[in-house]
Amino acid sequence: MAELAVEGLVHVYREGGIRAVDGVDLRIGSGERVAIIGQNGSGKTTLVRHLNGLLRPSEGRVLVDGVDAAGLTVAQLARSVGLVFQDPDRQIFAGSVRAEVEYGPRNLGMRGEALGSAVESALAAVGLEPEARTNPYDLGASRRKLLALASVLAMRTKVLVLDEPTTGQDERGVEQVRAVIAGAHGEGRTVIAISHDMRFVAEAFERVVVMRAGRIVLDGSPERVFRGDAWGALASTFLEPPLAAVIGERLGLGSTPTDASLIHALSGRNAGAPPSAG
Amino acid sequence: MLTLEAVSYRYAGATRLSLREVSLTLGEGEVVGVVGRSEAGKSTLCLVASGLAPRTLGGTLRGRVLLDGADSSGRAMHEMARDVAIGFQNPGTQLSGVATTVYEEVAFGPMNLGIARDEVLRRTESSIDALAIGALRDRDPDLLSGGQQQLVAIAGLLALSPRHLILDEPTAQLDPAGTRLVSDAIKGLAGGGVSILIVEQKVDLLAGVCDRVIALDEGRVALDGAADQVLRDPALHAMGVAEPSGVRLRRLASEAGLAPEVIAGALRAEAWSSADG
Amino acid sequence: MLGGIIGPLILVLLAVIVPALLARVVRDLVRTSLLLTLPIALSALLVNVLFFPAEQQVLLRPGPITVTAEGLVFALEILVRIMAISGAITLFYLTTRPQDLVVDLERRGVSARVAFVANASVQTVPAMVERAQQIAAAQRARGLDTEGSFMRRARGILPIVGPVILGSIAEVEERTLALEARGFTRPGRRTMLWWPTDSGAQRAARWSLIAALIAVAGARIAGRLG
């Protein structure tokens, strides 16, 4: 049974009648890592906000673990689907990092041991344990973003939805986010992320959903979605494939969306030839 | 010419220095990139170079900031604005909030400076042309996309006719379409007389547009040299700064015992065909 | 006896309704000024109709309450005056663009900074509302219950109000830096690109209104004395 299912979803914003989501069918299985990409306005944000009930369908339905989300409140859905917003400053309100991370799990009723361990492991996952007592506004912007991530991680939801987790992050922050995704995946959680960073998408996710004008135009593995024959569809939603994919195409190596796959393909091609000196 | 001479800066109420003995020069018409991990001092550098630190932000500054060789510490902020203009990463908060059209928004700066009306109009027109936003002139700035708002913000800065333009992560909050809009605009401005100091995490963007690159590490200048030299320096990686994608792939190829020239060749081929459109 | 009513009524017609018709805002005008004044008007009406002290011409006497003609007339007078005031204010509000007003004030010497604050404050409201909505969404995604009991919802105030205030303050700092970087703090007047045009007709209208005010006030005083 799919963990999440979206059936015939249409969402029309009242002001202007814009069909932000215009007929989307999507099934995401338990434990999958899915990236949703597309230009601003393609419907990605509108779509994911249906997963925890913040938005309700104009048509169609959303099923979370087989249950129609229409019958559940946002607070109830928050037990299964944790959504991390893009701007941490539109969320952080506590006086200390620890208090901020405790907020979510407390709302879900966690106390005592369970609460403590959820908070500790979330802080550890983003590398913020040493700052547990720091005021969030004494941290830099990228670590506040990691704090927002930790605050939802601690809720221990089966599904984790991340809205632009690497935007504004430096290299170290991006690596931290990747580690969090890998860790969540290791625990069997489903991870869904909206992102503009094609390299991050190719390397951290096994499935990529491409959206344009409220619809899904492509849905497959990074190999499929960043293959040469898909570049036209990507361009139509103002996206470019990662450089590794472009080089792989140029060198006739097939679809190599990640650095590793490109190097691997190159090594494979050179197998038998001695490695170059220096 | 904008020069920082052994500048150290501490924010008001902070315990540690954000900049330590930083010296650099921004020469006429140069485009200089600044890289470094988060909290390395890049934004502080921008604020100090523009004069906002310490004038508006307070804090303590040691060392000197020179404009054309003259110490600028005696100048008020509005006087600095005539020579050094600074843009930030949030497109929305840079807009004045009182302009109903893009035209008025771009004119805001020169209007504040009390410049003669004809001159204000002339500068506004020329900035709108320089950023190629003529099609947006009657639009409401609040209703534009992030990328478009950034273009309007930069046009507004150019309208001040500064000699130096400082951009602190102009594409940080933009989607790929917006990033492309802004980076093309910056390429268009380069070599146009205004020198540009640009901070970016998207190192690939800098590779395409900068003459020089400075790397900051813990408030100090760690590297300062020609763009392609610095961006290829292995020390960057150790400092937590991303390498340009091409550089990274060449490095990985070498590490795997492959000839990096293969990658370089493919990169050139790619650049070639994209130039053909 | 009805003199005190007819005069102001004609004034209201001439000075408020006719211009409203010309500006095509009559429907909005009536609706808005009714909204503004209905509670006051109703209570003034009731109080004066039922409890006016003079008892010359009694109309009704239902029990302990005395309805008099004087009371009725007095109440109507008050009503007409309220209509005149609220009508005039609403007419002003409906026919003036805030931007025009602020720009004109600045041209006449009001400091650019005051003008800026007046203009910018209006624009800040929708942005703050949008911010509050986004914050509410983020907190609800973390389990904040906005659909439960009153007590639960009351506890939800800090997680929403906190970031709204903190965020607005942080934003103020960003905005201040951007403004200062564009020479906003320069003392003295700034160059104006445009301003609402004044015409001979408008000036004549302004002066004749002032003259009419003086004339009417004078007549009132003279009437009292003589």
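Letters A, B and C mark the chains in the order given here, with residues in each chain numbered from 1 onward.
One rule holds in what follows: a residue touches a chain if its C-beta (ideal position, glycine included) is under 8 Å from a C-beta of that chain, and two chains touch if they have at least 3 such contacts.
None of these values were measured; they are calculated from a predicted model.
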Centroid-based (C-alpha) most distant chain relative to subunit B: C
Pair joined by more contacting C-beta pairs (B-C or A-C): B-C
Interchain centroid distance [CA atoms averaged], subunit A/subunit B, Å: 29
Averaged-CA centre spacing for the pair subunit C and subunit B, given as whole angstrom: 46
Geometric centre distance via CA averages, subunit C-subunit A, whole Å: 48
Subunit B to subunit A touching residues, read off their complex: 37-39, 89, 145-146, 172-173, 175-178, 180, 201, 240-242, 245-246, 248-249, 252-253, 256-259, 262-263, 266-267, 269-270
Subunit C - residues contacting subunit A, complex: 131, 134-135, 137-148, 158-159, 162-163, 166-167, 170
List of subunit B residues in touch with subunit C within their complex: 47, 50, 52, 55-57, 76-78, 81-82, 85-86, 88, 90, 93-94, 96-98, 100, 104, 107-117, 120-121, 142, 156-157, 160
Touch list for subunit C against partner subunit B, complex: 99, 112, 116, 119-120, 123-124, 171, 174-186, 188-193
Sites on subunit A touched by subunit B in the complex: 39-40, 140-143, 167-173, 196, 199, 238-240, 242-244, 246-247, 250-251, 259, 262-263, 266-267, 270, 275-276
